[in-house]
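In this document, chain identifiers A, B and C correspond to the written order of the chains, with residue numbering beginning at 1 in each.
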Amino acid sequence: MKWALIGFVQLWFAILILAPAIALLRAAVEGGLGSFVRAVSAPEAVAAFRLTFGVTAIATVVNTVFGVAIAVVLVRHRFPGKAIVDGLVDLPFAVSPIIAGLMLVVLYGPGSPIGRRLAEWGVGVVYELPGLVLATTFVTLPFVVREVVPVLREFGVDQEEVARTLGAGRWTTFVRVTLPSIRWGLAYGVMLTISRSLGEFGALMVVSGNIIGRTQTATLYIHDEIESFEPRGAYAAGLALAAVSFILMIGMERVRARVEAAEHGD
Amino acid sequence: MGIAVRRLTKRFGDYRAVDDVSFEIPSGQLVALLGPSGSGKSTILRIIAGLESADSGEVVLTGELATAMPVQRRGIGFVFQHYALFRHMTVRQNIAFGLEIQKLPRPEIARRVDELLDLIQLTSMANRYPTQLSGGQRQRVALARALAPRPKVLLLDEPFGALDSQVRDELRSWLRRLHDEVHVTSLFVTHDQQEAFEVSDQIVVLNKGRVEQMGPPQQLYEHPRSDFVTKFLGSVNILPVDAILAMDQDDESPLPLDLPGPDGSMVYVRPHDLHVTKQPGQKPAWSARIVRLTHLGGLVRLDLLLNQGTPVTVQMSRDECAQLGLAQGDEVFTALKDLKYLTPAPGFVEDYVI
Amino acid sequence: MERVPIRSAGGLLRVASLSYLGVMIVLPLSALAWGAFADGLGPFVRRISDPFARHALFLTAVTALIMAVINAVTGTLTAWVLVRYEFPGKGLMNALIDLPFAVPTVVTGVMLVALYGPTSVLGAILGEYGLGVIYEKPGIVLALLFVGYPFVIRSVQPVLLEMDRMEEEAAATLGADGWTTFRRVTLPTLRPAIVTGTALAFSRALGEFGSVVMVAGNRPLETKTAPMYIFGEIESGNQRGAAAVSTILLAASLLILIGLNILQRRKGENRDG
């Protein structure tokens, strides 16, 4: 009986998870490794990946800085409506990426007052790079906050107070006492942010407008290639993107162990 | 025969948790498995229950060979140290569980549950959840649950270990009374010597995975057969014979001069087996000084220092102490009432009559 | 418990953080609400009652539900096997459980196309038997199953790991066999975790787009899910219609998350004795 269960579970896993992964692997390197390399180094592909990394970098930096700030405010400050703020931070998790994109288009698109004013100043949001950054930043907003808050809570105010009695100013205390104590939670949150940013698709589809020749991130490139009748590029780029995310995930496992150690009292 | 185990052995790697253990428990008795931590007592209990399996040996329950039987079919009742009540079920549902497994008709289950609730005196708590009960109440429910399906044998794993000492005392006498009513062959594990004495008909003393000795409590106390049992079942003074004999003067030693055995032998004297008097009496006695006098409720403990330098502990009743008018610092005389004698090899204890 | 420092300063920090949240979250949310209701309640109702919209919402709900139920069962079984048994390949499997979290949704879609698409071996065979996967409803469920795979497992695993085996042993001493013990003792303890994991997977599936759009084939009234419908309306310039349907979807997700929150809090009050 026990082995029947194990067998079923493994079979289910193999069919559902392994088989598609292996299929992608095979499709990507069909025609040889050289063909794979060529597909991945195609100029559109390279440009797409470069754009993805750029957008990811910006979104990550912004959400790291503000994420830590929000976490500090949530844990260390007292003010009315904290529960609402907490809920707002979690909102992007409940929102489908398509809806996220829609929100931004309604808010900043050429038809909206803000959009029109921005256009006067020559700043395009939707269909342009800023839109991609905004969408990605929105979607990844909660990660750093949610990973830092519990660690910050566990860490306790005492050490910060000690630092201040020893004469450290607020910034010094933050940099030399608070930050090191939350570093593993922060690292994990950052990695989650990066991983999610790399893979964002739905919101970008909406925000970038489904036009040929539009600015393509890696995910958009993959989508466009599949739609074309030469999906080879899609498989290759898909494999590359998945590989990067996968390596990131392995790194995250290592960091998560550290986070758990930090949360359970150091 | 209620429970019999034959040559049980269990190893964890190189470590012998249970080492060739055999004993028999007569039907209807309440027996304690007593020993320090690591003596293997819980492991033996769980092997009897079928929750663990031995590497070799046999388990026989009410005459049936049970070694290969899965735990579900052994007809045992088991009470865990931490109750293990089903947290998502009420008291009533907990007790009914074993009966439902037996597929008894509903009215009969209800009747039996009510019967048991009455036995453990928790009828008013029937619809509460375990988290709403005190530790003592939970343990009573655990017992009722184990007894409900009328098991052939009842096994208890340090049942009172998790309770406050006062609750523990109450439950001990309660368990004894319950057993007198129900008469199920019962085996319980404990590391508390006092508990074993209070509750059981017989005690199996275990040490490092082996049976040291088995018998009724008082017999074990009066006639221990090994160094371990002597020391484990109550405090004892251990006197090196040679050193004492060498320092006694005038052939006037309280120790019998005809003690057999080579050098290095020890004498065991229980604290209540020593007389203390202010004046020397008829029998030979040691001179000593009362270094410390401690009142322990109805008893008094005297820490004496014999004039040869050996420390000795004496225990007497409060009344006797008051009668003798003893105080800390007094010079007194102490003589032996009884002793046990241990030969260094092979190392078992002999009774010695004075 | 956290002690809040006496200083009331750090005002700049608070202003900056709250402004950030305001711009990034509140503003877009308001824009959506405005887009949905700006024309009034009547048009709103009309837009969400549109047969294409209704079908899309219905399809989304049904496929998400099917996926949730399947995942509840297989996820619990998988967590059980991973925690209680040793077997070859266990370490590798445990590490790969989170693969769907790491893989971008587009790539998930690509994987499924590679495996079941009409040009693949498997796809061709299945096609012969009339068992289409890609561009048919099964494809949608398959994509959702992939994406939702880790939720129940990772929710149940820690509870199983921490579980006190003694209740199960007690049930065994009372005569219960393996299945009865699982059903009457283990499962009730696991129920909250299973519900949480399933609800999270369901909520995620409601909004899933990247993988579904690849495998679904875009046939309205057949295989067009709600997110796809919303996307289609945006493309056709019908932002208001898209906003209306989005509101429904968003409300559903929010209700689930709030419900989970309430359950967590109530569980915290009840069980601790």
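Following the convention adopted for this analysis, a residue touches a chain if its C-beta (ideal position, glycine included) is under 8 Å from a C-beta of that chain, and two chains touch if they have at least 3 such contacts.
Please read these numbers as outputs of a predicted model, since none were measured by experiment.
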So which chain is farthest from chain A, going by the mean of the CA atoms in each chain?
B
Whose Cα centre is nearest the centre of all Cα atoms in view?
C
Compute the distance, rounded to whole Å, between the mean C-alpha positions of chain A and chain C.
18
Based only on mean CA positions, could you tell me how far chain B sits from chain C in angstrom?
57
What whole-number Å value describes the gap between the mean CA coordinates of chain A and chain B?
63
Report the residues of chain C in contact with chain B in the complex, numbered from low to high.
164, 166-167, 169-177, 180, 184-185, 188-189, 271-273
In their shared complex, chain A is touched by residues of chain C numbered 2-5, 9-10, 13-14, 16-18, 20-21, 24-29, 31-32, 34-35, 74, 77-78, 80-82, 85, 87, 89, 93, 95-96, 98-115, 120, 142, 145-146, 149, 178, 203, 206-210, 213-214, 227, 230-231, 234-235, 239, 242-243, 246, 249-250, 253-254, 257
For a test of understanding, state which residues of chain B touch chain C in their complex under the given definition.
49, 51, 70-73, 76-78, 80, 82, 84-88, 97-98, 101-102, 129-132, 142, 145-146, 149
For the chain A and chain C complex, residues of the former touching the latter
1-2, 5-6, 8-10, 12-13, 16-21, 23-24, 26-27, 66, 69-70, 72-73, 75-79, 85, 88-107, 109, 111-112, 137-138, 141, 153, 156-157, 160-161, 170, 195, 198-202, 205-206, 210, 219, 222-223, 226, 231, 234-235, 238-239, 241-242, 245-246, 248-250, 253
